[in-house]
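One chain, chain A, links the two complexes that follow: it is found with chain B in the first and with chain C in the second.
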Partner chain A sequence: MKPEVVVVGSGMSGLAAGVALAEAGVGVLVLAKGAGSLQLAPGTIDLLGYAGERVTDPLSAIAKLADRDPRHPYALLGAEAVADAARWLSSRVAEGPLAPYRYVGSPEQNMLLPTALGVLRPSALVPETMAAADLRHADRIVVVGFRGMKDFYPSLIAENLMRATGGAVSVRATQIDPPSGLDGEPGTFRLARSLDRPGEAAALAARLAAVVQDDEVLALPAVLSIGDPHGVWETLQRVIGRPVCEIPTLPPSVPGLRLFDTLRALLRRAGGRLVTGSHVVGTKGSGDRVEAVRVHVSGGERSYPTRWVVLATGGVASGGLTLDPDWRMWETALGLDVAGVPAPEELRFSSRYLDPHPLSRAGIAADRDLRPLDADGARRWENVLVVGAALAGAEPWREKSGEGIALASGHRAAQLILNAERRVQETVPEGVAEPIA
Partner chain B sequence: MSVAGHDHDDVLGDLMRGSLDHCVKCTICEQYCPVSAATPLFPGPKYAGPQSERFRTDEESVDRSVDYCSGCGICTQVCPQGVHIAEINSRARAKLKHDTGIPLRDRIITRSEILGKLGTPVAPLANASLRNRPLRVLGERALGIHRDAPVPAFAGRTFRSWAKHHVAAVPTSDRVVFFYGCGTDYYEPRLGEMAVEILEHNGFAVDTPKQGCCGLPLQSSGLFEDARRYVRRLAHNLAPAVRGGATIVAVSTSCSLMLKREAIEILGLEDDAELRLVSGRVRDICEFLVDLHDEGRLRTDFRPVDARVAYHAPCQQQGHGIGKPALDLFALIERLHVDEMDARCCGIAGTYGLKREKYEIAMAVGEPLFKQIRAVSPGLVVCDSETCRWQIEKASGVPSVHPVEILHRAYGLSNVPDGSAINGNS
Partner chain C sequence: MTQLQADLLVIGGGATGAGVAWDACLRGYRTILVDRSDLADGTSGRFHGLLHSGGRYVVKDPRAATECIQENMILRRVAAATIEDTGGLFVSTPADDLSYSDEFLQGCLDTGVPVEEISTAEVLRREPTVNPAIRRAFAVPDASIDAWKLLHALARGITDHGGRVLTYREVTALHRDGDAVTGATLRDTRTGEETEVDAGFTINASGAWAGRISAMAGVGDVTIVPGRGIMIAMNHRLVNTVVNRCTMPADGDILVPIRTVSVIGTTDEPADDPDELTVAQDEVDQMLHAGDQLVPGLRNSRALRVWAGVRPLFRDARSQSSDRDITRAHTLLDHRDRDGVERFITITGGKLTTFRLMAQEAVDAMCRHLGDSQPCLTREQVLPGSESGEYYTVRARLRAREADPGNDPLVCECEMIPRGRLEREMREHATVNLDDIRRALRLGMGPCQGGFCTYRATGILHEVDHLDAATADEALVAFLEERWKGSWPILYGDQLRQARLDDWIYQGLLDVEHLPDWSAT
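And now, the complex of A and B:
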């Protein structure tokens, strides 16, 4: 019952680490105070979209970034680890509970996919249901929305896409009525759930077939089912006879939820456990090892003894880091030192929203083994690894690297723990250590 | 006005309400809300909670949709920003009830203790009435209790009377207090007996001091004043044992959550010293047994149990933040095949699904769970909360038991031949 590894956080980074460890036979307990970013984000794996310029080959751009900026999380990981993680994720989704739903793409090439605002998003790995809108190849697109659906405006998307592609792609917009069986407002989730009901996909397909023209790719908001996206997507393509694709919506995100559900199911399948609603508030440890994490639960505190801790608590947005009124930043789970916080006299935020903000690079400094470093640059704990948006040194919003860093570091942390345990197993006589895996 | 926590000295209430400022409208709660997924009548926790709360004043509200919140608490659990959504909505619901009047029905079905006391001596008659179709139709018309809603049968005896005459098997100085709750006392006394026997098997002397209802049903129907009275009385009854160093072990995960957290946060009883004292010492029985195991103290002389069971962790149990300790215990039992259900809520939410206007919603909320149960077609469903068990049993047709029943059997305490079927209410 005692977990060998406690992962704190259930976002992309924590679940990647948790699934990889559990599938290797390690006892994993994931503790999270709430949901992470996965269910809000578009469900695409953006490895690196911008490094100054828009990136076409993320892997080689990551290698260059690592040379230029040794404190960037990608510099700690290296391009090879990113490629490994991308391959691993594709294989896991393909064997997940939603299979044959799968991810397509390559870490060596960014696709250019439309956002719900008609902006081009450079993305490396994406759900199969999104790929047909890749604007590097598409010629003519019709964006179809549902009347009454908020935050998805086909004509806005069409106009912006035409502008963004310099008119190279012709984009048309139209709207149809939401499925008839829908009670209430056509919200993202209501639509997606309605398409999970038998017969609904075929009925929708028949109406869409009347709208689409011969040479068009049909783009819809990403609401094509929660439980069987592959089946619904195939049905639409078969009936309509044209490529169909999803454009991610503003939160809430159906493809994001699918990815979360997939990883969560894989974790469970491999015997790992996830406890939501548990707020990690500190550690018990001695010397350079954490022996247990302390958790705030209903009615008091409880502690979970463990051999390893993976800190996957995200950044400020997920409560992994907080900023107090005196401009001090805290790491909320283990109380680690936060690096990269601008000094009181230095610039913290730029005046323009989309410019780089010095404060946004703050986070936990780590070495190449992902061990956290204290303010003096020394390793704080030997058995704690830091992953994901909690790491210092990146600006995911500008780089379009958030999911990539989270995936690659989470997967890497699992490999590091497995390697370390194997070494323990080799060097310690049998029966002395409590080796895992 | 003290009913819904808008009074001036309600500091914690202000903190709960203040937590809405942390809401970034990320919509995670809307993704997870099982009620708004089942009915357009409930617009979702974000809308009914952080968004609407800003417009709520001491005046009566024109928006009554918050009444459709079942209070399952999933929104608070998943909120990434720590907004106390369910608690805000509970308080808003109480104020709404206060403004619009509380139906007679809600005043009746929330008094589990009084109902138990009335029904127990006349159990055969009471049970027959509860199963009598014309009477149930009448009850629906007159009171608004849905004719098909799952209602438990009175056992005709109480757990308390058993406990009074029960002589412990082993003399020991390790003492725990068993908090049995109304469900065990009046409807499932055998469950309480099994819990006591399991604790004794592990070397504990079990005390069952005078207790009483925790007030949860009253709280969820907005009768806050009455709920406060009940939970205070309960805390008062349990406090002496806690002062003496005892842990309180409970079988009902909803009543124990009430003591651990809900009474303090929702009813605003943070200043009640006795409640505070007690709340920190309450343990769900599976949680308690897993802790024993981690300390190397749990007896693991389990016999193999040949059974295929489906396990559903109820919402209130998930609200404890302790994971699913029942599964850890089941893992110690050979040959027991457990299918962990992966659905959010069975729909009943205490008394919500009994109400005429909410019955259909509750059934729709529970449908994904019932579907999963039907798909694995287990011999038995295991679930920690009594009202959920009754709902699941009624809706899926599969007998439903508390995890304790499986453990009791595995310890060989149940006096049943190996290989015979386990069934509910044994």
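And now, the complex of A and C:
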């Protein structure tokens, strides 16, 4: 099959675009260099957690942000597109391979979920397995860790949660031995895989029941299975008789992997393809259209002809953008111009880590149709759309907006391409526009 | 308030001060060593890691060259475990004047620095990354030395011999009784608690800060001109041998492989305040370009950190013609002869390679004042940890791990620090400061610069030390800020990518910026 759309990148934004297009019947090829960023992410969909103050209603805060800051990706997308994308993702996960595992929450209300440091993080959509720790509703929580697990510290989490809630929520901590039969130290993935084995969830539940008290919510590190999180979670809740929830841990992330597996399966189910190990090094094109994407393969290059390209390679952390020792910033796949880069003699970073940094908002400038703009503010390509963390104007980690921007822009890019294709088809019989070969 | 008695109070926990205390302990003096911060937190911990062969000085300062090679040979014997026997090369790059190489060779012969001319082909065989256009090369016995390991070995030696090491104690006053200095008031910089030390003798080994300390004793005119140098640690061992440019000492002319990294250094600019060492962007550019002369492509490889250290250069306002001082890399100020102040000596200047000699001269001077004729023992006495006489090798941690993988998980994968080792360090030193643990174990010094281990070490600190969460959080944020300090001026390429991944963890996942009251810390 000749792809109609090549998506470069397999993180949240690339897979959202790919799944939405494939499910609409478009031929999609997702080219990814590595495993994608989802496995680094907590697995929650944070739309907007902070806009100066902590955000309680992300949608209305996004609308305000869009008015205030026209260069922010959310200003290009609008709150409506964010709400659409959030609804869409919830529906897709619910029909995915891990169903009835699903996402819960609303784009109009942030939950406050504990981080692995015991901070309250505002999240809009979260896996059902995380929701019970919502600090807006919980009264008493017990945080349970596994002895020897180096990426989860229950007593620190508990004490910080008490501090953060001013003591309004009572949180205690304890540790249990990891499931027997683990081959090696109790790492995140090893624990999660062990719970995929028959009987393990029930055995763990029996041991957890012994440490939980009557009125407590039980919080565990996010290791409750890769293959059947709903089943394991439900088993624990049933046996223990109390709400159970997961707290995301350091990368690699089990809930992030579940989301990746879900989206990849949906893509394939709809006929899309994902080819990893594909290092995109440029394009072939003429005028204002890209005609093929060039990929570095062993021994040379390969070209994938395409009608559309969705650039979803991410920001600096994902390798989509890079800064060279002459302090010039590059977009690494297509060579697009990067906006918001301080001049070589200007400061790129503040000397204090927690202060804002001038370089943080650098990225690809785009218009409302997500077409990349060059240094003069003009569209460079008519059939390239930029999505996700490559977009300029946001500070995703500080704002807690990264997954939201990625999801909404990826989903929006799919709608824009579908609309354009529809227009082309409608107009062809009248002879107004030539179909693009 | 605590009251302590000592024969000798040594001020300054760098290599010189710890060397003085070690020497004095071996001669039977009850000694207290104090520093306002951790050991090796000043100049000693901020150098490039080179144990000089003396080759660098054979033309410019032959006397210093001879001192270096003599001390080099002594330290290899008494402190082997802190030294990696890398060997050193002096290479003439196309940008260097070849006539210098003749002077260099003659200088080595005159000063006793062992030298062997080797073919450029042999250099490229040993070190394939070195500039292939080099025209001449010499091998010398340079090595790399781990200042933190050295300081910890000295501290152990001091305490094993009845001395005391008090870190995080700032000298707030020196006591005078008539013409004599009789001790000091110390303030614990963490708790504010005060300690009075009555000391029979006081040695000021505070390096770039020596002028401030001697002023407390009422001694003026001790002017230290801090000579600031920047160094950049590259993520890999780009070379396994110390590589010097065969030219008069200049900026960016040396690349030192130490532990898992290699360090390019250095610059020399006068600084106003040794506590205010910023790194300018153009200095970074200049250093990377200079490094490219030695190892082409160095600029494009991954740079981990940049830092500045201060050489304590003494300017004697009293002496007009200072030829004597120019040839001497270090300076002993006998304040009895110079200023009429008894029982007080300042030792300053010098370089880490000659710290033992400086310490010996200072303690010899004290002994002369006290009419004590005991000989110095540090030339022969092996430091704790170096008894086997084996040099450190970069494979050591991996070899230990492979010999006994055990069940002890690695908390810091980059530097291969098992949890048990970290807990032991926390218990033994009862510190609440992750940066102290970094200096002791190299926590967070590898490629990810604390990305994973900062969180883990905080959690373990909270468990092991029974800290309250507020203190643990403060330790975490302080360590993130400390790591950022040496990172941001040099963030580009893969290291910037790494830093963004670390942001992802600390800001995106853990939300460290919204810890309760972090801003108040």
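We adopt the following convention: the second predicted complex is superposed on the first by the 428 of 437 C-alpha atoms of A that agree within 3 Å, B and C clash if a C-alpha of one lies under 4 Å from a C-alpha of the other, contacts with A are read in each partner's own complex, and residues count from 1 in each chain.
Here is the rule we use: a contact is a pair of C-beta atoms (placed from the backbone, for glycine too) under 8 Å apart; a residue touches a chain by one contact, two chains touch by 3 or more.
Keep in mind that what you see is a predicted model, and the values were worked out from it rather than measured.
In the superposition on chain A, A:R398 makes contact with chain C only, while chain B stays out of contact range.
In the superposed model, C is the one of chain B and chain C that contacts more residues of chain A. In the superposed model, A:R412 lies in contact with neither chain B nor chain C.
In the superposition on chain A, A:G319 contacts both chain B and chain C. With both structures placed on the common chain, the touch criterion links A:K33 to chain B but leaves chain C unconnected. Of the two partner chains, chain B is the only one that A:R268 touches; chain C does not reach it. After overlaying the two complexes on the shared chain, residue contacts for A:P251 are found with chain B and with chain C alike. By the touch criterion defined above, A:Y153 reaches chain C but does not reach chain B. By the touch criterion defined above, A:F189 lies against chain B but remains apart from chain C after alignment on the C-alpha atoms of chain A. Shared contact residues of chain A, touching chain B in one structure and chain C in the other: 40, 185, 251, 317, 319.
By the touch criterion given at the top, residues 278, 281, 288, 299-300, 303, 407, 409-411, 419, 452, 455-456, 458-460, 462-463, 468-470, 472-473, 476-477, 480-481, 483-485, 488-489, 491-493, 496-497, 500-501, 503-505, 507-516, 518 of chain C touch chain A in their complex. Only residues 1-2, 29, 33-36, 39-40, 183-185, 187, 189, 193, 251-252, 257, 265, 268, 273, 275-279, 295-300, 302, 305, 317-319 of chain A touch chain B when the two sit together in their complex. Within the complex, the chain B residues that touch chain A are 24, 26-28, 30-32, 37, 39-40, 76-82, 257, 259-261, 279-280, 282, 290, 293-294, 318-324, 327-328, 331, 340, 342. Only residues 40-42, 50, 54, 115-121, 148, 150-153, 155-156, 159-160, 163-164, 185, 248, 250-251, 315-317, 319, 322-325, 327, 344-345, 348-354, 357, 396-398, 400, 402 of chain A touch chain C when the two sit together in their complex.
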